[in-house]
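There are two complexes below, and they share chain A, which is joined by chain B in the first and by chain C in the second.
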Partner chain A sequence: MTTVQRRVIQAGALSTIALACFFEVKFKTLDGRIVPQLAQEWYRVLIDLVPGSSFVLAGLVAWSRRPLNRVGLLMIGVGVGLLTRNPELQHGIGEIAYPLEVALHFISPLWAVAFLHLLLAFPAGRLVSRLDRDIVRSFYALVPLAGVLAVVIGHYPLLGAIGQPVFETKGPADYVYLACLLVGSGLVIRRWFLGGRARRRSITPLFGPMVPITIFFLLSLAYFLGARVTPIPLGGLKSILGDLATAFPLLLVALPVGVLVGLLRSELDMSSVGDLVVKLSGGLAPERLRPALAQALHDPSLEVAYWLPAQEWFADLEGRRIELPTDDSERAVSILGDASSPIAALVYDSSLVHEGQLVDAAAAAVRMALENARLQVQLRAQLEDVRESRARLVEAADSERQRVERDLHDGAQQQLVTLLLSMQMTKAEAMRHADPETAAMVEANIGALRQALDELRELGRGIHPTILTQAGLVPAIMSLAERSPIPVEVTGELGDDRFAPAIEAALYFVVSEAITNAVKHSQARRLCVSIDRRPVLAIVEVSDDGVGGAEPSLGSGLRGLTDRVAAVGGRLTVKSDHAGGTTIHAEVPCG
Partner chain B sequence: MADRVLIVDDHAGFRGVARRLLQEIGHQVVGEAGTGAEALSEARRLQPDLVLLDIQLPDVDGLAVAASLSSQPRPPAVVLVSSRDATDYGPRLDRCGALGFIAKADLSVESLTALLET
Partner chain C sequence: MRVIVADDSVLFREGLARVLEGAGFEVVGQASNIDELDRILAREDAAAVILDIRMPPTQTDEGLVAAKRIRRTHPKMGVLLLSQYVESHHALDLLAESPNHVGYLLKDRVADIGEFLDAVRRVGNGGSAVDPQVVSQLLGRKRSRDLVDQLTDREKKVLGLIAEGRSNEAIASTLKISPKTLEAHIGTIYSKLGLEPAVSDHRRVLAVLNYLRSA
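Up next is the complex of A and B:
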């Protein structure tokens, strides 16, 4: 809007107040002098002038403070509509230009729709939901139509003055007017009760005045309907409602006052950004950043999403992906930083949209802290990537080991076994033909072949134990125990429970490596292996009574096991001192 | 003692050696199969008294084939063989309904006779 247009609207609004005041005065000639007098009782004058003027003046103030917010313009519209409802004013204008009087008859009742528009658009200044837009559009169309209908059926004037009790409706335009105000007040009260803390806080300046206004409307409606459908005499109630109706314009004044209070509160809210800066100067941990921002913006539902450039998505503090709302009338988003390289996004209740300056100020205050937090989130996400990548590598390596073991078994081992059986039959044949020399020679080769087969089988087990795939962790560990040269006691019971292959492999190799190390280095006389399953944890522990002194950082075996267990999200600890005994404990999360 | 035998193994070389061994101790080898599916259909068709069954088959697990054979109306005796040890299969060996297990490297007239006579 240009400056000239703004000036014209401001001048027009103020002129309307002046014009309304002018028509409340009558000039009489007394003793040859022209004396101004009130055209009606003083309280009637106040009722005609105060509500409309208060809307116009508060609207001008709101518009000057928030030029881009339509709340101010809507208030000016409501005020001008209320002021031009005065029949004296309309007649006076009609004497100068009759078409203008007719136009005012049709246009001035729109104050009720502008009032509804204001209620639904506050505080953002725009209608957020489609339902709100449809309601307001319908009433903008309905009120002039009802006016035309009233003229057609011969009802005139279209609407009573605002001081007239609402229950004294006289025509279709009055019903529309009543419905319009009831819908508006009902929706504001509903929104207050259903909304979150931020939304409630934002519409409280309207909610306060709207409660008594709505009660008045409901009483009027009850009387209006009761008087028409029941024969009960309501004379006393009518008198009370008449008194209330007289007070109605004063209730309306509470609305512009509420809006101005809301504006003032917004200015005060800026001081909460100062508190935020003070908190930041004391050093604010990333996890306390969101609560601090939520407190400064009075929106507990506020979320902070950090931009991860490598992944090109937003994530929470834990590095988990967050989808920003795209078309949600309840949530609004502010992106911080450049469009090409954002730092973070604030996701908050859309009722804060009108508090753009407050959001911007808070965001500017925490920009540095957000950048730090974002780097931490980025680091966490990278670590998670590394962990997942490591798990994939271990899984791929396990699959490859399984394939190599199977190839070994299906290929060389099968060939050697067949050869062994053939040689045994050859030896038997030689014995049958009384050829002990050949039989002895074949027997020697059979022995060598058996040894090769045993070594090949051990090699296969070392690469990947078949029993682990075939029967699971417990039988595989029992098998290890049976083959161990040191007595091994296995305790714990998993039954037929199976874990994910990667978990079974990790825990199996922990036990296998622990037994191998004990046999090689510990001089232990016995070993204990315990297997346990907690609700979300699989645990194995291998302890020996050997000399101790195992050092995980020195041997590549234990270090490799630590990495392997970590790759499936687990933890391996080694307790071993020179006083004797070593305990290797591994625990892995299992769903 | 059983005398009609079905040999199931995907290695033709092993099947040949096993055939000679079984014939040597007086068994009649009535058929051979290279897969689990073939084993089941040949067993239904030939009604053997004994099935010498490799555990590691290309299509299905030999232990599952053994369980399926054991549930037939006139189940044949099943002797499982593998180039791996019994310890590589754990308790599953005892649950599949087979008569017993012989590691292929230990397969001989004596081991087979001993198992069949138990």
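Up next is the complex of A and C:
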């Protein structure tokens, strides 16, 4: 909009006030002096003049401060409509220019629709949802139609004459007015109760005035219906209700004031950005960045999404991917940094859209901190990648071990057992043929073969214990304990719970390696294995009463176990001092 | 005695069948997988099934699962499980359901032909056969060791043989002692361990194994 257009609208709005005042005042000669006198009783003048002027003036202020926000223009529209809706005023204008009177007849009822439009468009200045747009459009279309209809069916003038209760309807246009008020107040109240904190806060300036307005409106409606429908005279109550209904438009004054305050409040809010800057100067951990921003922007639902250039997506602080909302009426997005290399994105309630300056200021204040946080997120995402690939490596190694054990079982072990059987049969045959020499030779080979089979079996068990896949962790650990040369006491229960194969394997090999180490190095007389299942943690602990001095950084066995447990997200600790005893403790998170 | 052999290695199966037939057993069917075994079971009556614990397709515990199923559907049929590894967990699992008509041996045992055929007969006749390695593993449990340490070496041997499912005659001849001496040993063992004397051979296997398990 050009400056000239703006000036024309401003001048038009102001002259409407002047015009309205002019037509309300007649000059009379009294005792030889010319004195101004109101055309009607003073309160009747007040009812349109005061709310109308306040809408126009507040609208002008809002428009000059927020030129891009349509709320100011809408307020001016409502004001002009209120000022020119008085039929006597229209008649007065008609005496000067009749076509203008006719035009006003049709146009001035639009104030009610502009009022509805204002309620729905506040504070962003635009209608966000499709439903809102449809409602407002249909009402705009309805007003001229109602005007034509009123002329056709002979209700003329269109609107309730000044001084009469508002709901003394004179024609279809009044029903439009009624409907606009009902729909508008209903939607504002609904939005207040359904909206989040940011949304509520943004429509507080509307909600505040709308509560008394709606109450008075309903009282007036009750009066109107009571007067029309019930034959029973309401007496004193009726007159009170009548007075309230008459004074109803005066209440509208609260609305432009509220709207103006609400619209300009973000200037006051700039001070919250100041607070944010103060917090930042004290150093703000990435975890506290989001709450600080949410507080500064008064939107607890605010999210911060960090750009990961390697992955080319946005992620939260943990490095998890975040999808930015696309064309969502409830959420709005501001991307910080260059379009080609963003730093982060703020996702917030769309009611903050009109407070663009506030969002920009807050974002500028935290830019450095966001950049830091982003690097941290990037690092975490990389760590997560590494962790996942390590887990995949261990899993691959485990399934490879399983495959090797199976090949051994189905191949060499099976063939050697078959060979053992056939050698026994050969020996029996030799005995039958009274050939003790051959029988003795075969017998010697059988002995060697048995030993080979035993060794192969131990090898297979070490590669992958089938009992672990068949029956789970506890039977596998019991089996280890039973075969240990040093007595092993197993305590604790897991029940029949099974864990992921990688977790079972990690914990099994911890116990297996710990027992092997104790047998080799500790000179322990007894070992104790305890198994414990916490809600989200599986724990095994192996302790001995040996000489101690185990060093996790030296023994490659313990080092490998630490890595294996870490690969499934767990932790291995070794407590071993030269005073005696070694305790190996492993805990792994489990579903 | 009519037996069925199930193992996925044809060489092993044939060898086993020859050993069994040489000793007067009648091998009424050979199966290379569980489906084949089920078809033979539907067709033939047998005193015992000898099957490997790891069978196709997954080579994990198909044989074990099938053994448990056969014991429910054919309660009078003996089931002798063979495995490259023996685990006390599986042994107790099998015996806990019922200590009769069941055996669990290391696969290598087939080469001790006399012992193996004896085990097949025991299982086929309603008895049990537990691999010596399972027994020694159970005896190796920490608390079992403490308790069994009260026994003399001879008594320990007797306890082990009882746990393997052997009869008094077999134990007496293995240890080359008279049945009377054996009974005296058994009496001492039972009183030292605080076990109730069991009437039949089958019941005492379970009693001893349970004792060792709970120890």
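Everything that follows uses one rule, which is that the second predicted complex is superposed on the first by the 525 of 591 C-alpha atoms of A that agree within 3 Å, B and C clash if a C-alpha of one lies under 4 Å from a C-alpha of the other, contacts with A are read in each partner's own complex, and residues count from 1 in each chain.
Please note the rule applied: contacts are C-beta pairs under 8 Å (C-beta built on N, C-alpha and C of every residue); 3 or more make two chains touch, one makes a residue touch a chain.
Since we're looking at a predicted model, the values are computed, not measured.
Peer 1: After aligning the two structures on chain A, examine chain B and chain C and state clash or fit.
Peer 2: With chain A as the common anchor, chain B and chain C collide in the superposed model.
Peer 1: Please work out whether A:Q424 is in contact with chain B alone, chain C alone, both, or neither, and reply first, second, both or neither.
Peer 2: After superposing on A, A:Q424 lies in contact with both chain B and chain C.
Peer 1: Figure out whether A:H409 sits in contact with chain B (first) or chain C (second), or with both, or with neither.
Peer 2: After superposition on chain A, A:H409 lies in contact with both partners, chain B and chain C.
Peer 1: Report for A:R526: first if it touches chain B alone, second if chain C alone, otherwise both or neither.
Peer 2: In the superposed model, A:R526 contacts chain C only, not chain B.
Peer 1: Considering only touches as defined above, state whether A:Q470 meets chain B (first), chain C (second), both or neither.
Peer 2: both
Peer 1: With both structures superposed, pick whichever of chain B and chain C touches the larger number of chain A residues.
Peer 2: Comparing touch counts on chain A for chain B and chain C gives C.
Peer 1: After superposition on the shared chain, which partner residues are touched by A:V257: those of chain B (first), chain C (second), both, or neither?
Peer 2: In the superposition, A:V257 contacts neither chain B nor chain C.
Peer 1: Under the stated touch criterion, which partner chain does A:E489 make contact with: chain B (first), chain C (second), both, or neither?
Peer 2: Touch status of A:E489: second partner only.
Peer 1: Which holds for A:M478: it touches chain B only (first), chain C only (second), both, or neither?
Peer 2: Touch status of A:M478: both partners.
Peer 1: From the superposed pair, tell me which chain A residues show up as contacts to chain B and also as contacts to chain C.
Peer 2: Looking at chain A, the two contact sets intersect at 409-410, 413-415, 417-418, 420-422, 424-425, 428, 450, 453, 457, 460-461, 466-467, 470-471, 475, 478-479, 482-483.
Peer 1: Would you pull the chain A residues touching chain B in the complex into a rising list?
Peer 2: Residues in contact with chain B: 409-410, 413-415, 417-418, 420-422, 424-425, 428, 450, 453, 457, 460-461, 465-467, 470-472, 475-476, 478-479, 482-483.
Peer 1: Sort out for me which residues of chain B touch chain A in the complex.
Peer 2: 11, 13-14, 17-18, 20-21, 24, 56, 83-85, 87-92, 104-105, 107-109
Peer 1: Tell me, which parts of chain C touch chain A in their complex?
Peer 2: 8-9, 11-12, 15-16, 18-19, 54, 59-61, 64, 84-85, 87-90, 107-108, 110-113, 137-138, 140-143, 145
Peer 1: Contact residues on chain A for chain C in the complex?
Peer 2: Residues of chain A touching chain C: 406, 409-410, 413-415, 417-418, 420-425, 428, 446, 450, 453, 457, 460-461, 466-467, 469-471, 475, 478-479, 481-484, 487-490, 526.
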